[in-house]
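Have a look at this one.
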Amino acid sequence: MAMPGVSAGVEQMLREMREGVPEGRVPARIFNDREIYELELERVFGKAWCFLAHESEIPRPGDYVTRYIGNNNIIVARDEKGEIHAHLNMCRHRGNMMCKSEMGNASHFRCSYHGWVYKNSGELIGVPYFNEAYERKLQRKDWGLVKVRIDSYGGLIFGTLDPDAESLADYLGGFQFYLDIYLKQGLGGSEVHGPPDHWVAETDWKICAENFSGDGYHTPVAHQFGFHLGYFASSGATHSKGWAVHIPGKGHGIGLGHTPGMPPFFGYPDELVKQMHESLSPGQLELFSKTRTAVGNVFPNLSFLIQPLSLEPGDPGVRFCTMRLYHPVGPGRMEMWSWCLVPKDAPQEYKEAAYKAYTLAFGQAGTFEQDDFENWIKVTKMTGSTLARGVDFPYIQGLDREPLKDFPGPGYAVEPYVTEDNFRNLWSTWVRYMMEGE
Amino acid sequence: MAMPGVSAGVEQMLREMREGVPEGRVPARIFNDREIYELELERVFGKAWCFLAHESEIPRPGDYVTRYIGNNNIIVARDEKGEIHAHLNMCRHRGNMMCKSEMGNASHFRCSYHGWVYKNSGELIGVPYFNEAYERKLQRKDWGLVKVRIDSYGGLIFGTLDPDAESLADYLGGFQFYLDIYLKQGLGGSEVHGPPDHWVAETDWKICAENFSGDGYHTPVAHQFGFHLGYFASSGATHSKGWAVHIPGKGHGIGLGHTPGMPPFFGYPDELVKQMHESLSPGQLELFSKTRTAVGNVFPNLSFLIQPLSLEPGDPGVRFCTMRLYHPVGPGRMEMWSWCLVPKDAPQEYKEAAYKAYTLAFGQAGTFEQDDFENWIKVTKMTGSTLARGVDFPYIQGLDREPLKDFPGPGYAVEPYVTEDNFRNLWSTWVRYMMEGE
Amino acid sequence: MAMPGVSAGVEQMLREMREGVPEGRVPARIFNDREIYELELERVFGKAWCFLAHESEIPRPGDYVTRYIGNNNIIVARDEKGEIHAHLNMCRHRGNMMCKSEMGNASHFRCSYHGWVYKNSGELIGVPYFNEAYERKLQRKDWGLVKVRIDSYGGLIFGTLDPDAESLADYLGGFQFYLDIYLKQGLGGSEVHGPPDHWVAETDWKICAENFSGDGYHTPVAHQFGFHLGYFASSGATHSKGWAVHIPGKGHGIGLGHTPGMPPFFGYPDELVKQMHESLSPGQLELFSKTRTAVGNVFPNLSFLIQPLSLEPGDPGVRFCTMRLYHPVGPGRMEMWSWCLVPKDAPQEYKEAAYKAYTLAFGQAGTFEQDDFENWIKVTKMTGSTLARGVDFPYIQGLDREPLKDFPGPGYAVEPYVTEDNFRNLWSTWVRYMMEGE
Amino acid sequence: MALRIPLVAPEIRDSIRDFLYLESLALDERRFRDWLSAFAEDARYEIPVRVTREKLAEWELSPTSRIFDDTKQTLEFRVERLETDFAWSEQPPSRTRHYITNVLVEPTDKADEFRVHSNCLVYRSRGDEPNPSIFSAQRKDLLRRAGDSWQIVHRWAAIDQSLINAHNLSIFI
Amino acid sequence: MALRIPLVAPEIRDSIRDFLYLESLALDERRFRDWLSAFAEDARYEIPVRVTREKLAEWELSPTSRIFDDTKQTLEFRVERLETDFAWSEQPPSRTRHYITNVLVEPTDKADEFRVHSNCLVYRSRGDEPNPSIFSAQRKDLLRRAGDSWQIVHRWAAIDQSLINAHNLSIFI
Amino acid sequence: MALRIPLVAPEIRDSIRDFLYLESLALDERRFRDWLSAFAEDARYEIPVRVTREKLAEWELSPTSRIFDDTKQTLEFRVERLETDFAWSEQPPSRTRHYITNVLVEPTDKADEFRVHSNCLVYRSRGDEPNPSIFSAQRKDLLRRAGDSWQIVHRWAAIDQSLINAHNLSIFI
């Protein structure tokens, strides 16, 4: 019965969590624990589809970026034929790092230790002293870079370390419908405005993942200044309004906040709105046009947010879109990667305005981001203590609500925006991964 | 037989230690070992009565300080009725930290993440969107802050994480008699001179606890400069004189150093001495008046010291009182918290002089403190090495001495001041906690 | 069957490694893993003969240096009779560090905590309050410093924590023949030019040990600048030429690189070469005179290198000799200790020139050293990731080559210089230590 | 010789250096309104995103990505926020200390504007966290004479890290 | 404008700045008697205890608690101690480096006394510990002219941490 | 009084200080040829090995061991190397920032040469490593007038650690 390589304490906690989540209980301990972290590297990040890069980050042949899945550094490169490949960024000879930059362009990678050379598609093609040292006996084809399985949706490149993982399409399981709000801004779709900024935080990645699975509950308090000063187009009185949707069993969730009386797609330039009538389906249009805030998370650790920010108190503001990755680097420790996605076909001045709004609200110096992380490092600190190990948190919001009938999109949809249905789905999915195989 | 969650190696060491202490052997390994540290958090700091604050630190309704028991951050607050409460400083909703300051005054605590509001007495009284999000189903009374059991003696507020712990009075077990030398300086008793200074040291907390359980042995060497320059009213020749007392089975111990030929209570202002004839019992008076140095520790990690310091070489000097807490924060790593206690009813100029003497001798820049910590970080470093794991230290001083008959105070009292009886009691108590339940 | 105190995963890996090494496979995981590190402290550094100091570092009575074996700090001292002793640098009373300096001169060590005094030969001779505190009952002879067994070869002082270890001569097992190239530079032998410089690197010590066991393969690439700019007397075309020798079952290995057409002993002053005709045996002369580069490692972590460096592009350059110790301080973390050995009887100007060449090439700012460590920290980083745990590295160079007949020196000798025979011997020795006793 | 740049009159150099010290004192004493007043109405405040690139890459400081991309108006937005009771990231406030060194002043083609190079090491400590954040930045400011003092027309600061070791940047550089 | 304080004559500012450099050089070279001589007979040397408080708390630097609370006499006590062979906390000695920046000099109502602001970053390394201690402090000194040099009448230094990351403070700031 | 050293004319002190800033700017902007040009043909560049010793030891900076022991020729060797594509230790390049403070200038017996004391804190960041290396050094340079600028005749820098917390020293101090 016992889970191999798992302590009795953690196994017990996971079993109780599996029972508890449907009843609205989640143990504090999962948010800061070394053993949980190490188990996640193997069971969550070793199994799930994890985000690597957006195609617009490597537009030309030879372009590459280096990213992470768990603690594995991965090269994501576009080969000369335009095909994208992902490989562990480790030389097969003695394990040196091949690409030491975050981005670049190269058709071949040459190792700086003994000089083995690989094509950007992973094949080993150069071995010094192949005659003298190897007597031609090394089978080059067996020693290419370690391949990582990839697939993509709407420009998002995902990778999985699990050869037996289901397809990305099945993994997303309908969440694509909602991702389009971020990825199909206008006919040309979305592109990154530039490289992400990233930073380290003493935060557990799961706290962020939960928050972006649709935590509309925190906004009026954690970002109270925005309401107070009139920089955010919502009010405490109506802030709970909107919808929450998740894909049962998959862990993905999104919150769609609605501000009564606001014009459709407010904060977008008209011509972009016009484009979206073509780029989006009727069901998407109906839903997204009413959406002030779209805050969603793809299990495990990729999030998105669309939201307006006002530069003048009270005006509806400018809508911006951010994509963020929570990269775990230790117990209660992560790297935050934050991108701004802009509509490819939007006017340049809108792109600039949206980017400015993004930097003012998100990214390391963003005023919303700042407050989120301040809260999150404190949650992480507190949940690491011995007393917290005995504590469950309540996840009962919307526990006995019925899902909405004839909701335009797939998945399990409820009203209002402020609820915890998405979180329960996130945690039951997470615990299933953690207990995999037992 | 095996101790659950304890490695064979540590269990073996603890068993041998339990046998060895009465014979004067303590293993070096206990002073720097990750597993020991983690076990202590659970078995020592999760069970014992631990110091939280002195009542004079939170004199007014609403005053609070945040402190630690083990790695648990605790709010110690005085409510509007003047009653003192202690709670885990963690929001029950998602675990955010409630009070982010070391001290302050508030009748209510509002969480900065989602806005739950608690009274400073711990009750949950405010939940945003109670209707919209919770459909009024959350039982507020079930979700107050996690309460910590407290009790106090002579202004010292202690807390325990163990609901079944014996009473504080039983826990102190007579050590109160000796604590009075620190707590009843004059009729008004003692008060803190101000907030403690605290700092981090690569030191195991137990090294300090042992030292302050009455290590008169180290003084002439570790603090040799004081003897050498005439700033300390003792001499190598007579330094061993005095008494050592401990409470068997409780772990508390005190050393009372005596300098022949010094006037009673030397270093105190006369009027304070007059007051002490009222504040102290005859037995206490008899003993304390002969005491130059009173250095004691309440198991596990709260210590006190009264001692004179001379500002002019050779003069008897000024008596000061310090209270210190050794807060464990990792294997071989701690936070030192150091207070100066002054007699509430002493003349202001004496308080100032005593405080100046304290800062010159103790606190982070204190000349005695400096040398102690330099030694202690080195002990910690050395005891963490693989060879040290096989080494026992000798604790045989006074092994076959008889306790003193008709000693004025309770507990097991011996002569001279320089002996190791108190330490053996400290270690046998510690190992009992560590092996609890087996 | 199970190895006590070893996880199933690591045990499995070690078993497979034991099978795999002879077939040319070594698992990436050994280069960055906490459990492996902790096991090494006990099984490799707790058993092997480890380098402590060179006799020329403590020439006079009373001279001492403090060094490490594993995480144990060791005093290596020359007593008044000129005899050398090694002891754990820990006071037996409470574990304080005795010598806090890297080097010095003292006939006695006095502890700064309670004043116990030891002779530099380890005997406890002074105990304060021996009457008052110990009632004369402490057996001084039982409480000397913890002795470390030592032995030496050619000025190299080694120590072992294993009382049952074979003799140093047996341990070296013939490698002395090759060590002489470093230790017998001229009639007076070699001496240190001064204290080592040392620094911390996020590198596993074994990566360095392998490299210096004769990794001629990396030189043309890792140190390409030297070839490219003409500062190194070799060329890619001929760089593989030379010999590799190891002592089977002992783990020691050396690579001897040869540059065709270079004069014997080029880079040494003539008079030194003349001396070596006396200091070396005919077999040594024959071999060493043809050697451009001599790069060797004494298991586990002591390395040497002799090599010429040109200050003018193209000229043969000046020969220097470095000795280096890889001191493990954590998983994937080490301290590098780097000395320059100079021939005692060489002209001063040659010593200076050799030292200048050494600092330009090795030591923390050395241009060759810089590039080695840049590669090594990257190898360490990459081999710590979860995907790397499944990866083996190929060690097949020279797998079915025959050893050379009538080679002038002992051990298993092969041609060419660039091969992996030495490494297979290194790793099979290492894994034997790691699985000791099972 | 490349180690010589046309330097300006000592009084100007010293006055600008003192101005930078006064500016950072305002920040470190959390007098954010005073600090704002150091900026011209048309001021820009920029911190580009740094990317780890190979030696000869065309850029290391992203031409498009920024951590701060502010005007005086948006700086005021930030200051206004810090003045509320809800700026959680600065509650309790960070303890900062700006170490301004290597100040070099160059003339520009405008007589009343000067290009000012400085190194800025920012020490930041929060709560009871024993490990401070230390930020290192190269600054290139454009300063304009304003009466007998100065105004910042352009503050450009490049942080010397690509992965920044702090959970947020709720302070100014 | 709040970013302007009445500054003093360049010679005075420069001479005071050089004096502070000389003072810290004495400390970093462990010439403690020389360092003592920088203090006036009536000098005070103060380092208050810092407490983490909410933004608008009446104080963050304790009005009553101090880490150092010295007169010239007690500084001499400390120096005398450092001169013995038993000052274990400095045996072997700390390697310190005082980085003095942002020096601003204000006149006081006394013609021969000046209020001097400076930032002081202290780097301290001990033994073979690879991680140094780094202390950041705001200093406000009162300096008095003494012949053609200066004397410290009041050294006030506030360390920018409430939980200090060092096992002791056996050095001076 | 020991806190007074004969100081030099303000113009010289300021010009030398600016020169040191320009030199470090060249390093931090990786203009290594420019940096080389700051050295005289007969220049020496020395960083001694530091050893942890007891208080009264005859030396702490080894009289024989050095980390750098360079002439202008060997500095050029290093720069030439950095200009290749194979200087792996600087590929990608370190991001350095040299904080030069406490500059004191002393005359020597040569009218055109000056002894310059400075403190040098070097911040160095590499790749996506969040923890920078921070080096603290005391520098004593000998500078010689060269036209209206200066040349370094002797750069002597002592790092304030005996066990240095960096995997290499591929940068200059």
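As written, the chains take the letters A, B, C, D, E and F, and residue 1 is the first residue of each chain.
Methods note: contacts are C-beta pairs under 8 Å (C-beta built on N, C-alpha and C of every residue); 3 or more make two chains touch, one makes a residue touch a chain.
Just so you know, these numbers come straight off a predicted model, no measurement behind them.
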Listing by label each chain that touches chain B and chain E gives C, D
Chains in contact with chain C and also with chain D, listed by label, are A, B, E, F
Note: of the two pairs C-F and E-F, more contacts are counted for C-F
Greatest centre-to-centre gap (Cα means) from chain F is with chain B
Among A-F, C-E or A-D, the pair whose interface repeats that of B-E, with over half of its contact pairs matching by residue number, is A-D
Of all chains, the one whose CA centroid lies most distant from that of chain D is C
Between chain A and chain E, the Cα-mean centres are separated in Å by 49
Rounded to the nearest Å, the gap separating the Cα centres of chain B and chain D is 45
Note: chain C residues in touch with at least two other chains are 100-102, 112, 198, 200, 222, 371, 374-375
Multi-partner residues in chain F (2 or more other chains touched) are 10, 52-54, 86, 88, 91-92, 99, 101, 121, 127-128, 130, 134, 162-165
Chains touch in the following pairs A-B, A-C, A-D, A-F, B-C, B-D, B-E, C-E, C-F, D-E, D-F, E-F
Chain A contacts chain F in the complex at 100-102, 112, 198, 200
The chain B residues in contact with chain A across the complex are 4-5, 41-42, 45-46, 70-73, 88-97, 100, 111-115, 128-129, 132-135, 137-138, 143, 146, 161
In their shared complex, chain D is touched by residues of chain E numbered 1-5, 7, 10, 13, 50, 52-55, 99, 101-104, 117, 119, 121, 134, 136-138, 160-165
The chain F residues in contact with chain A across the complex are 86, 88, 91-92, 127-128, 130
Chain A residues touching chain D in their complex are 100-104, 193-203, 222-225, 228-229, 231, 311, 335, 340, 355-356, 359-360, 363-365, 367, 369-371, 373-377
